[in-house]
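After this come two complexes, each holding chain A, first together with chain B and then together with chain C.
The block that comes next holds the complex of A and B.
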């Protein structure tokens, strides 16, 4: 999957979980500040992302995923390592 | 060789009546938020909770249990003297022994019914329903009163940002007895003691008393980890309970999860892919999280509001400290 494909799939998850318009879920956007995705919604996004992308995102890593770009990069490297 | 005589119970059991006791005092978020430096808006956004109820001195664990049980017995049309067993699920009966259940059985006017408490935290009520089902079917009891009751306000820190706005008080009860058709499905239950630390009493009584300034040990919880477990692992358990009862998710009328947090209910419904026609219990909004009491309170509320009707197929699922969980499909009385 390309970076853009991962971003688009992640955007779909964020839309489903938090009702955020998928087009707003761009790499430079902060989950909390720009998209209003709070820590509980973030847990849901992470679990859905784990399933969709076949990766593991441990709880202690989640707090480092501040922007959509952070999450996409994490997923890319986790997929590469798998 | 002597062969022992055994007894057989009813082929099937069901919930025959439901009752509830809600403490008189309604506590809005505005009474809670100053001590945790928060706001009504934040509490609602984080949990859905608008108000909860706190018991006063007279609304004891036993008094609330007796009141809820009387309503359940009346709804079932069962005399207290017909009750063979009383099961109280609670973590906030603060007298270590004897159990609350013996006093409840006495005050209800049972004829010396067997009585004991169950400690399975928020999952306690669904554990009790599972046991009652087996007691009735196994012949150990004909009518069982199962109560979920809590006074969590006694063991909640007013200044703990993770729990002060969540926990509350109340009691709910059901009567389980013989049924002509299967009305309580197989229980799916279990525990995960590896995560015992996620929700628990902060310290044991000996450590609390030995402290320089002794205070009541209160509940502590790691919210995000609990959210993950409750929302996703429990979705799988819910599906197992449906499978074991031979019920498809489309046949479900009511979904009555432990009223932990409205956000958990939402996430659980999403992770289960619950169809839109299924009515979902939302009692947490007005009642907070009453641990063992929350499922019967929510059930009573749905019946009273007309959201749940006689003959409806409902999925009960409860989960909490332990971690422990239990789920079963029931047909409503």
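The block that comes next holds the complex of A and C.
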């Protein structure tokens, strides 16, 4: 999957969970400040992403995923390591 | 001593097996329609009971998608009914104009069972996919006070936000407690009611196994038949009812339309059996007596009763005994309605939906019918309306009765206005 494909798939999840317009889910956007995704919704996004991308995102890593780009990078490296 | 604070009803809302709003519900009640239908869900295929009063309007068709997925179905119903009542009372307008103090607004939204569908669907997910798949929203969705809290967030209510839990009496108890909050000076406005969403195979199997539900396989619309000799158990329903209760002073100051007055309430317990009603209805009798005494009501002024009347063999007879014990010779003059014949039994939502019907009956001076009453049980000596029946002019009183497992009994007396 390309970076853009991961971003687009993640955007679909964010839309499903939090109702954010998928087009707004861009790499430079902050989940909390720009997209208004609260902490519980973020957990839902993470769990959906784990299933979608076949990766594990430990709870203690979630706080480091501040932007969509952080999440996409994490997913890319986790997939590469798998 | 100063005069007691008077409490009035200024807004109504409901979503239930008949309709998704109060006005349409009332029309369908007057037309004697039934909201009971077959359950299409294939998970019910092996159950002894496959009918229910399924909500006429799917709540997810009304609510925003993301909002809805964060709420248990019981909270969805509660939010829809409460929002309707809030708008009906004109409080959205008052709030927008900065004329409402949220610190003086409370909520009393009852639930019988809580978010049981959320609990069970998360358990299914855990068994199937592991604990990681349990939703982080499961607790705020399934907790019993989720419907009340959801409403508090929606309307900015910051006085007491309560969740009375007394099984099938819960919704009526919420109204009694809401009136108390206002009388005690703790709130000017309380959004009161009850909700339930328990049409899931597990609670249906549980109610069926305790022989509470009818297992009759005839026409679903005829199975809920209070006081009829062929009644053999209740039919489960789902939905919510909501009423805006307000101090008379507050309502008058803002020029609100007043549907009815809450004159008095009585809450008692049987201390007899965890599930069976006292066969003599003594606890319910005391609840009605207390409601009458609380409202300083002459039994002769009671013109209408919206009975609990669930269509169970024992409960319906016990309630008739209560009315004779409390209203004496006047009991046979009172127009009695059993609206569960049309809606099924909404458990924690029942008392609230029936309170909406009771208030509308006073407002329109018209008692709704009891359908499916073909052969009146000879043990029941009551004047039961089988068609819409005019209620007298002048100051009249209507009672709303609710009784629940655990021996809970609640009676609320409403008075006509104008």
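As a working rule, the second predicted complex is superposed on the first by the 82 of 82 C-alpha atoms of A that agree within 3 Å, B and C clash if a C-alpha of one lies under 4 Å from a C-alpha of the other, contacts with A are read in each partner's own complex, and residues count from 1 in each chain.
We adopt the following convention: a residue touches a chain if its C-beta (ideal position, glycine included) is under 8 Å from a C-beta of that chain, and two chains touch if they have at least 3 such contacts.
A quick note: this is a predicted structure, and the numbers were derived from the prediction, not measured.
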{"item": "Three-chain arrangement built on chain A, chain B and chain C clash or fit", "value": "clash"}
{"item": "Which of chain B and chain C A:76 touches, first, second, both or neither", "value": "neither"}
{"item": "Touching partner for A:59 - first (chain B), second (chain C), both, neither", "value": "first"}
{"item": "First (chain B), second (chain C), both or neither touched by A:34", "value": "neither"}
{"item": "Touched partner set for A:43, first chain B, second chain C, both or neither", "value": "both"}
{"item": "Chain B versus chain C as contact partner of A:19, first or second or both or neither", "value": "second"}
{"item": "Colliding region between chain C and chain B, picked from 152-160, 188-196, 206-214 or 296-304 after the shared-chain fit", "value": "296-304"}
{"item": "Intersection of the chain A residues that touch chain B with those that touch chain C", "value": "17, 40, 43-44, 47"}
{"item": "Complex contacts: residues of chain B adjacent to chain A", "value": "45-46, 223-225, 227-228, 231-232, 263, 267, 270-271"}
{"item": "Residue numbers on chain A that touch chain B, as the complex places them", "value": "16-17, 38-40, 43-44, 47, 59"}
{"item": "Residues of chain A that touch chain C when the two form their complex", "value": "17-19, 40, 43-44, 47, 50"}
{"item": "Chain A contact footprint on chain C (complex, rising order)", "value": "64-66, 69, 132-133, 135-137, 140"}
